[in-house]
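Look for chain A in each of the two complexes below; its partner is chain B in the first and chain C in the second.
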Partner chain A sequence: MTSDEKNFIEIKGVSKHFGDVVAVDNVDLAIKKGELFSILGASGSGKTTLLRILAGLEIPSQGSILIDGVDMTSVAPYNRPVNIMFQNYALFPHMSVFENIAYGLKKEGLQKESIEEKVQKMLALVKLEGYENRKPNQLSGGQSQRVALARSLVKEPKVLLLDEPMAALDKKLRQSTQFELMDIHYELGITFVIVTHDQEEAMTLSDRIAIMEQGQFVQIGSPNLIYENPRSKFVADFLGNINLLEATITEQNDKEIVVDCAALGGELKFDQTEQANASEMTVALRPEKVMIEKNIPTNDDQSHIKGIVEDFGYFGNLSIYRVKTESGHVIQVSKQNRDRVEQSIKWEDEVYLSWDNDSLMLLGE
Partner chain B sequence: MSGLLVNTNNSIRENLWRYFIVAIPYIWLLLFFLAPFVIVFKISLADPIIAQPPFTPLFNESSDGGFSIYTTFDNFLYLFQDSLYFVTYLNSVKLAFIATFFTLLIGYPIAYGIARSPQPTRNILLLLVVIPFWISFLLRVYSWMGILKTNGLINGFLLWLGVIDQPLELLYTDTAVYIGMVYSYLPYMILPLYANLVKLDVRLLEAASDLGAKKWQGFLDVTLPLSMPGIIAGCLLVFIPAIGEYVIPALLGGADTLMIGRVLFDEFFLNRDWPVASAVAIVLLLLLVLPIVYFQKKQAQETSEATA
Partner chain C sequence: MLNQRSRFIFSALCFGFAFLYIPILLVIIYSFNDSRLVTVWGGWSFRWYVELFNNENILNAALLSFQIAAITATFATIMGTMAGFIMARIKKFRGRLLFSGMIASPLVMPEVITGLSLLLLFVSLQDFIGWPTSRGMNTITIAHITFSMAYVAVIIQSRLTEINESLEEAAMDLGARPLRVLWDITLPIIFPAMISGWLLSFTLSLDDLVIASFVSGPGATTLPMLIFSKVRLGVSPDINALATILIVVVTLGLCIAAWITSRQNRSAK
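Coming up: the complex of A and B.
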């Protein structure tokens, strides 16, 4: 992100309290125009509350919201240039598909012809031509989702908010819908803010992700950045699979930091970026970055340890191994099944694990 | 083979159970609705006589041992010839209709308020709606006489305020009947409306608001149409007893408050004309059944359309 790009949505010091519960805790966030931004968090992390604050359905206890430079903090939902797609779609059950999509336009007081035209355009966009007279209870889950999407897009909002847009769809449909959603985002150029608990969904869809925990953002960045450079144990653990291994600092100076990590066979050196103030650290290693083989690795650049396969799972495209090292630690390894052969490594096999030292991450709390 | 046999035996037994359970409401309706209806209908086809019972029998044993059947439509024709009955029916419908309208007007906001209040408060409010039922209906209507009469509570209060200098004529008027009916039947309106409104998904209102609807527009576009089944149920529950109401017009109404319940009472107990009284009752029943059947059909049509 270059600094001259104007922030389109600005959330400044926003908090929301429900009685004694702090749902959103002094949050700052800037989203660029046209961005597809995800807020990722477990249930109860405050992500939906933040989305509802953007929609105007909740008034923040503190702080302010700016959209396109205009203060929206206490503007009523019906006056905001923002539309929301609800988690279970909230389609009006007594209205047809056409009436549902046309509702927002009718409230704008548009002419009948122009409503007709815009609704038809939306139906084409979400590929639901010919469904205009159906009632919501005559639609499948995927069709309902498309109607909800069309209904929230038809007013051409500056920002579209999506609350768990895929949660009610089955896995296959979810994947194809994700790509369609990205297409629509690209086509319309509207800023999307998606709230989800599904890390895979957030990773595939988003330009940037904000990970939320207990009402605060713990890390904001591109999916790649967050996955490869998690700032904390929590983020590393939350996004994908990871081995989190205990380590103790033995030496540190301005340039480097040396830790003793029993699970990975002893001393490891890391470039020093900031002074660690605790002596107990965590070394993190993604399972797909570990090589597993039966013979001793010959590559001198890599470190390796010996272990025994305790458990393994076959997933078709990849296999996941749980290997017990000589030190008694368990390390998870995933291996792409590139060859069409029978699994060569099985239970109780003696194996060697190796990795690039660049793949290791040193994390504090 | 034997397994199959046991199986069929079981399914027969199961079917018997099913028939038995389904039969219970039918037997109930047969005994306490159809049978009395047939008896009343039979009486409405007879002539009044001074005897015990005071109407001609349906079957006559003739002297040669055979049977003859005697029926007459005179009673029904009489209802149409004497304009009193027509006017009374019309007036009953009018009174019941207006009373139902005001009950809805007052009951809807109450039901809405209860449905929107937090859970613990909700139960207390519902209890408050039902509590008047613990006191006898007759007593409650009777106490309205004390409130409405010339030197009653309302007139006393208004005179004390100086708003009026002459007591208002409240008791023994149609207004008093409306007040009594709205007061008495309000819970029948509130309860079905509450049951409907409490189910309303608040997110639908949020969606409407998000799409540009102001609060009142969201109410008109979402809440009101979705609460239609509750409105119809509440209105029927009020309208049906209101149209045949006897106690309220008898106690609070004036001599000119014509209601079919009163006419029925007079025909039965004062004139001892059981056949005409029965005919009045049958016509009243038809008057009520027709709109109910119409609504039911309409609702069934809507649900089948929605699920088709």
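Coming up: the complex of A and C.
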């Protein structure tokens, strides 16, 4: 078994209490070598605390941390093969860019020549050649972020931890930086663990995402898996837009569950192996999986309902409609603006909504 | 209307500044007075400066004052930095409230009380452990350190709370042990604050009359004590010269402190 197949970072039963507050609650997690892993959660979900535990800046109240097979639970931060990039970058204000990046290497006791060489290599990697003599207060937000990244990568850590790496950048810069970060990750092959509250960022960057809520993971998986198969109403709602519609179970057996969903026009059947233990369920439907037309759909495989456009937003690449169905429920629909024509569906128009039945998901709480 | 009002404000400002600074200006001007009488102008001269530098009493007092001020400033900066560090970096410990209260109390304690209580302390210490054997430079210095370090502690604490703790964590993450972090990161960043704390303690010590009068003994006369006793016998013109020199020293100190603080604020941005 090679180390690539083993779990590189193992978090076993880790909890962290601050007084009466439980920030991280008995969490288990395994991250593979070279993975770009995101921990996604709202503020206060305990994601930053977990990252700080990995960095050694907090000691867990319970549980253990293994990195590359070595127990790191009580190893001090300065002895861990791990580096962290802080949300506010934490550049040393009294040192130049060069000195900032070289700091970690100096503490290792490296020769001057090899420090020089490694720092120059890092500056080239983050595209900041020629900036070595600037002070942090002479850098823009994007440049500061690159220096912080270079500083945390220069020691070639086994794991790089990033705390909200893009939060301080504006939207345009954020997107280009995301791709650069992915390139750097690919080039160096270091395991990245990113903490973020931005679901788009987590979706674009990550190989896998763990969604955290109140100190626990609610779902772990690839962005695609979590988006298309959310395990719960919370996850579905947290990641992207979704219509959550109330439904009541009318019948269930070994193979299927039949629910009554008023918003989607009556009875729906789901293949289900897992038994639902509550009678109130939620039917979830992503807005982009609903088709909106002015004419009655003719496709027999699809179900359809009638409604009136209540609200409508034009975003350029797509339009978002809020349609009030005959039963009085509001369903959100998004439509790609594939043709370069004037919007044909407007406010108060009568429209038909249709969808493939396998786009529907039945979710518990 | 607006013009009238601003003229009023302007003249009030001028009057205020005149009230504060004309006496000082007069002292400076009269220090160059040739006449033996303080109130009569007798032409320009440096004779009182010459006389001042030939007066051994005054020179000794000045030397003593500067020595005390330098030692006080150095110790107050070291101890005040430590106290400020604890106040800013250790969020919870037993007796924190008491500690912070005791650090701040010398700032508001009347000088007479501080002086008197320190005198009582020194006297009873002498009775019980035989130290200090005599009161003089050592007791004045200790007294000055006790109240100056409170000012330094406040300056350092406020500077440290401005610094994000993640700077120290980042250094630790990059392989620096806690003492190394203090030396490489924390101290360089608070160094300007320590300098201004040092200068402030130096001026406070140089300036103090009340506390020094309480805790001093025979043979140890600081500059303010000497000036005060001389003035009681009538103002002699050499006092003007001495006062002018003191004004220059204190103003220089304050200017340097202000310059350092403004530079530090600019680099923090």
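Just so it is clear, the second predicted complex is superposed on the first by the 361 of 365 C-alpha atoms of A that agree within 3 Å, B and C clash if a C-alpha of one lies under 4 Å from a C-alpha of the other, contacts with A are read in each partner's own complex, and residues count from 1 in each chain.
Following the convention adopted for this analysis, contacts are C-beta pairs under 8 Å (C-beta built on N, C-alpha and C of every residue); 3 or more make two chains touch, one makes a residue touch a chain.
Not measured: the values here are computed from a predicted model.
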Let's test your reading of the overlay: on chain A, do chain B and chain C clash or fit side by side?
clash
A:185 contacts which: chain B (first), chain C (second), both, neither?
neither
Where does A:174 make contact in the superposed view: on chain B (first), on chain C (second), on both, or on neither?
neither
Chain B versus chain C as contact partner of A:104, first or second or both or neither
both
Please work out whether A:146 is in contact with chain B alone, chain C alone, both, or neither, and reply first, second, both or neither.
neither
Which partner chains sit in contact with A:84 here, chain B, chain C, both or neither? Use first/second/both/neither.
both
Mind working out whether A:138 is in touch with chain B, chain C, both or neither, as first, second, both or neither?
first
Touch check for A:92: first (chain B), second (chain C), both, or neither?
both
Chain A positions touched by chain B in one structure and by chain C in the second:
55-57, 76-78, 82-84, 86, 88, 90, 92-94, 103-104, 107-108, 135, 137, 151-152, 155
Complex contacts: residues of chain C adjacent to chain A
164, 166-167, 169-177, 180, 184-185, 188-189, 267-269
In the complex formed with chain B, which residues of chain A make contact?
55-57, 76-78, 82-84, 86, 88, 90-94, 103-104, 107-108, 135, 137-138, 151-152, 155
Tell me, which parts of chain B touch chain A in their complex?
201, 203-204, 206-214, 217, 221-222, 225-226, 306-308
What residues of chain A sit close enough to touch chain C in their complex?
55-57, 76-78, 80, 82-84, 86-88, 90, 92-94, 103-104, 107-108, 135, 137, 151-152, 155
